[in-house]
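What follows is a pair of complexes built around subunit A, which joins subunit B in one and subunit C in the other.
Now for the complex of A and B:
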């Protein structure tokens, strides 16, 4: 394309201003629609991803004994990792590139009591500094800002181990009527308040101290129980966790369940694309296998451990596909229509250019330049308009509750470069295709018939 | 006149049939009319139970997955309440299960408060808290007589106990109660799914020594797992003695030392 062609195309665009404006608007609004729907789609994917890695504390990679992820809550002792294997696994994890940190975990169930009544709990135990480390990752901070999850009280690592400090989910603390933490109820006598369990009198009595009792079966099948102090209350992200979860230091849980084993590892990486962990997982599997350790290794988005992510992204992908096809269809028809009418109206011009010696390919180039120019300008305008819309939209906190979650997330638009590129390439392709087809049929006609064609 | 008599005869037969078939009130077995609630009430009196106070030792021997364990408890019972204190092994000494009328509490020395636990919670081996601390069959179960049979040469009533609500540790208990002394000789415990969980067989070689009417009292109960019959727990009651027990010891707050 030379400068002359470009100038001719620009001038011709001005000659059919109304129709070209209509076409331009169709392309612009189609492009905006694509960007907006793709931005919502990306946002949902991002939110569910962040909720999985940071909210549910799956980490980027999870390591469990074979079958352990699904069964460890029911039979934690049978799906556990002994000390020898722990050493080998930790050596393999330490050699992972981009490792940020890792932590062993243990799961357990039982009854938690407030002195008057008991309720079922699910216990997740990690090293005492684990929550602090997770909450200091950039990913968690972003997730926290988006989802309005919160934590109050002390870090588990800040309190002495003999206190048996635990973090308790907000929903469970309400069920137990225990809304105060150790720092708020601490007295020098450290003696729990006497209880009046008479219905109607329990509220103040129960919340007077932060003491809890945990009971269950230890890993040898014996009944076990122990005290715990609430040092932190947090808003659990999913409803089930918020109503039942207790997070305890690993030492406390191992003492309660009378074991030195664990149920798995959670691994956090840094400076990696969370959607491209296949190679890292494969390498880790090979290292563990060569170390003689038989375990399952999952990336956070593996359907075996995170079917919700798969279901949500598949559903959103389906919606986006439908919306995309409709918008693409409208844009494609607009471009094709515009190109065909333009060429039809200018058949005499084509005839004249042919009589002046312009070749068919030169004429196609001229029309192609015009339509490409129109498409590119319309897309640019659409992109600018979309950026303005997104910027205004993202100024507000738009609360949306995702399924089975406790707190609304900020439903911002999050445009993804790949979606923009695909949409732009499609529009350009349609422009080239429609113009080529329209001009092809006309430029092949007889010059005389083209020159005497009457405008309809 | 004859027609009227025939009509009355039909009415009387109908009333009699309704009376005999009244569910939950009584059942007809052969020619003897039995009162299921009375049967189960009598059977409970032969357990470790006393209105004024009864103390005994309980030795528990379990085999589970080939592993043998032994433990010893002191059981104090009065009316609806039972206090089971661990004596051995030493690491568990002082641990207490307290069954009050409608709740079970566990306390371990050092804990700041006791914790409420389920009656169906496994205590040791095949035994649950309910097995050791006592089941109130009359209060928690609707009893019906299903028939009679010979069990080890003893004539017994076959009873079906269906849990009334959430209070029952088991959904259904099928029990064999001797016809002569109304002693519970065997009990099959079923889950809500209808699956047999375990079977208990009981012997009665004890007698409460003071103020008792000389009725036999349970001396042993063998509980065998239905899932793995090699797993069992034998509960042996010994040194039974009547004792005036204070109501104070059967209080949740008194557990915390």
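Now for the complex of A and C:
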């Protein structure tokens, strides 16, 4: 493309201003629609990702005994890791590049009582500083800022072990009518002398203290029970966890279930792209295998441990594809229509240029330059307008509840560079294709027919 | 550059005897169910440097003949050569190159690009000639503008010019690349009498000054009288 082709293309754009503006608007709005759709798509992917890694505390990598992720809650003893294996696994994890921190975990079930009634619980136990470390990751802070997740009270690591402090999900605390934490009840002076379980009188009585009774079967199948003190209440991210979860220090849980085993590890990484963990997981698997440890190693987005992420992203990807195809179809038709009319109107000019020695390919180049210029300018305008729309939209907290979650998340638009590049390349391709289709037959037409506007 | 064109360039020199040779050229069109014979066995030779006028009534075949000479249309049969190079043996790109370097066109409706200035319109055919540098291009454009007396209009757009001025721009564009042959299809048809004579004067002057072969069609008797050679076409046949 020489200087004159570009200049001619630029000036020709002003020649049929209304038509080119209409085409330009179609391209611009199409591009805005793509950017906005892609931004919502990216946002949902991001939120589900953050919720998985930080909200559900899957970490970037999860290690379990074979089959343990699905079965350990039902039969924790059979899907557990002994001390020898723990040492080998921790050695392998410690050698992972980009390691931030890791934590062993133990799961358990049983009944939790408030003194008057008992309810089932699911217990997740970690080292006492684990929650504090998770909440101090950049990823969690971002997730917290984007959602209505909250935590009240003390960190488990802040309270003395002999207090048997636990964190309890907000939903379960309401079921148990235990809405006060240790620090609040500790300073209460009007603590009733005895518990009154008479219907209608339980509210004040139960909430007066923060004591819980945990009961269940230990890993040897014997009955076990113990007291625990609510030191923290948090909003569980998913409905099932919010209504049933208790987070306890690992020591407390191991004492309760009479074991020194654990059910798995969560591993958090830093400075990595969470969507590109395949190699890290593969290396870790190889290290564990060579250390003689037979375990499952999952990245957080592995379908076998996080099918919700896969289902949501697949569904959103499908919608985005449909929207994208419709938008690009409209844009392509607009460009093709505009190019066809323009070429028809300028058939005499094409004939004149051909008579001067312009080849068919040069004529096509001329019209392609015009439409590419129009497409690029319109895309730039679309990108600027989309940036403004996104900026205004993101000023507000727009609460949206994702499926099966308790807390609304801020439904911002989050444009991803890769989506924009793909959309721009696709628009350019459509422009070239639509223009070529429109111009092809005219550029090949007999020069006399073009000059005298007679179809040969 | 294709071999055939290279030979053509080497051989096309002013005042060389026959520039155009048409032998038994036939051309017909299909108009609905009717076959119209536009040209029937045309035999014509035009010498380099001639100022030839093709005359004839409307529909006599003047334009078809000019189109075939200008390599923008193809004869059904017969042979056509420019300086011994058989035009029928050239492919589309070779013909494009031939038109660009050796033939200039002047149209009845001027056919200037409205969004370009006078200078840029004249520049159009020169831009695709790789043998012309930017400086040479500028010199050629200015020389052509000077020849048609429009130096002061170089930055004007076509819509800022009169009909006569526009046709002079078209002439300047046709001449800019120093072609061996300039073809003009009724160049004065859209002009008044005064401007028609001025255009013919300009063409004659350039024919003499640059020794460029001019072939133009007209049915204006006053203009015919000023040519050195007149070819009369009647019903697709050279009558005189």
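We take it that the second predicted complex is superposed on the first by the 446 of 456 C-alpha atoms of A that agree within 3 Å, B and C clash if a C-alpha of one lies under 4 Å from a C-alpha of the other, contacts with A are read in each partner's own complex, and residues count from 1 in each chain.
The rule is simple: contacts are C-beta pairs under 8 Å (C-beta built on N, C-alpha and C of every residue); 3 or more make two chains touch, one makes a residue touch a chain.
Just so it is clear, the model here is predicted, and its values are computed rather than measured.
By the touch criterion stated above, A:360 is placed in contact with subunit C alone, subunit B being left untouched. Touch criterion met: A:113 reaches subunit B, while subunit C stays clear of it. By the touch criterion defined above, A:222 lies against subunit B but remains apart from subunit C after alignment on the C-alpha atoms of chain A. When the two complexes are overlaid on their common chain A, residue A:451 makes contact with subunit C while staying clear of subunit B.
Looking at the shared chain after the overlay, A:348 reaches subunit C, while subunit B stays out of its contact range. In the superposition on chain A, A:11 makes contact with subunit C only, not with subunit B. Using the contact criterion defined above for the overlaid structures, shared-chain residue A:160 touches neither subunit B nor subunit C, since it reaches no partner.
Look at A:292: by the touch rule set out above, it reaches neither subunit B nor subunit C. Common to the subunit B and subunit C contact sets on subunit A is no residue at all.
Within the complex formed with subunit A, the residues of subunit B that make contact are 64, 106, 108, 110-118, 121-124, 253.
Those residues of subunit C that touch subunit A in the complex are listed here as 67, 70, 72-73, 92-93, 96-101, 105, 107, 109, 111, 113-116, 120, 123-125, 127-129, 173.
On the side of subunit A, the complex with subunit C involves touching residues 2, 4, 7-8, 11-12, 14-15, 348-349, 351-360, 362, 446-448, 451.
Subunit A makes touch with subunit B in their complex at residues 111, 113, 115-118, 191-192, 194-195, 211, 213-215, 217, 221-223, 225-227.
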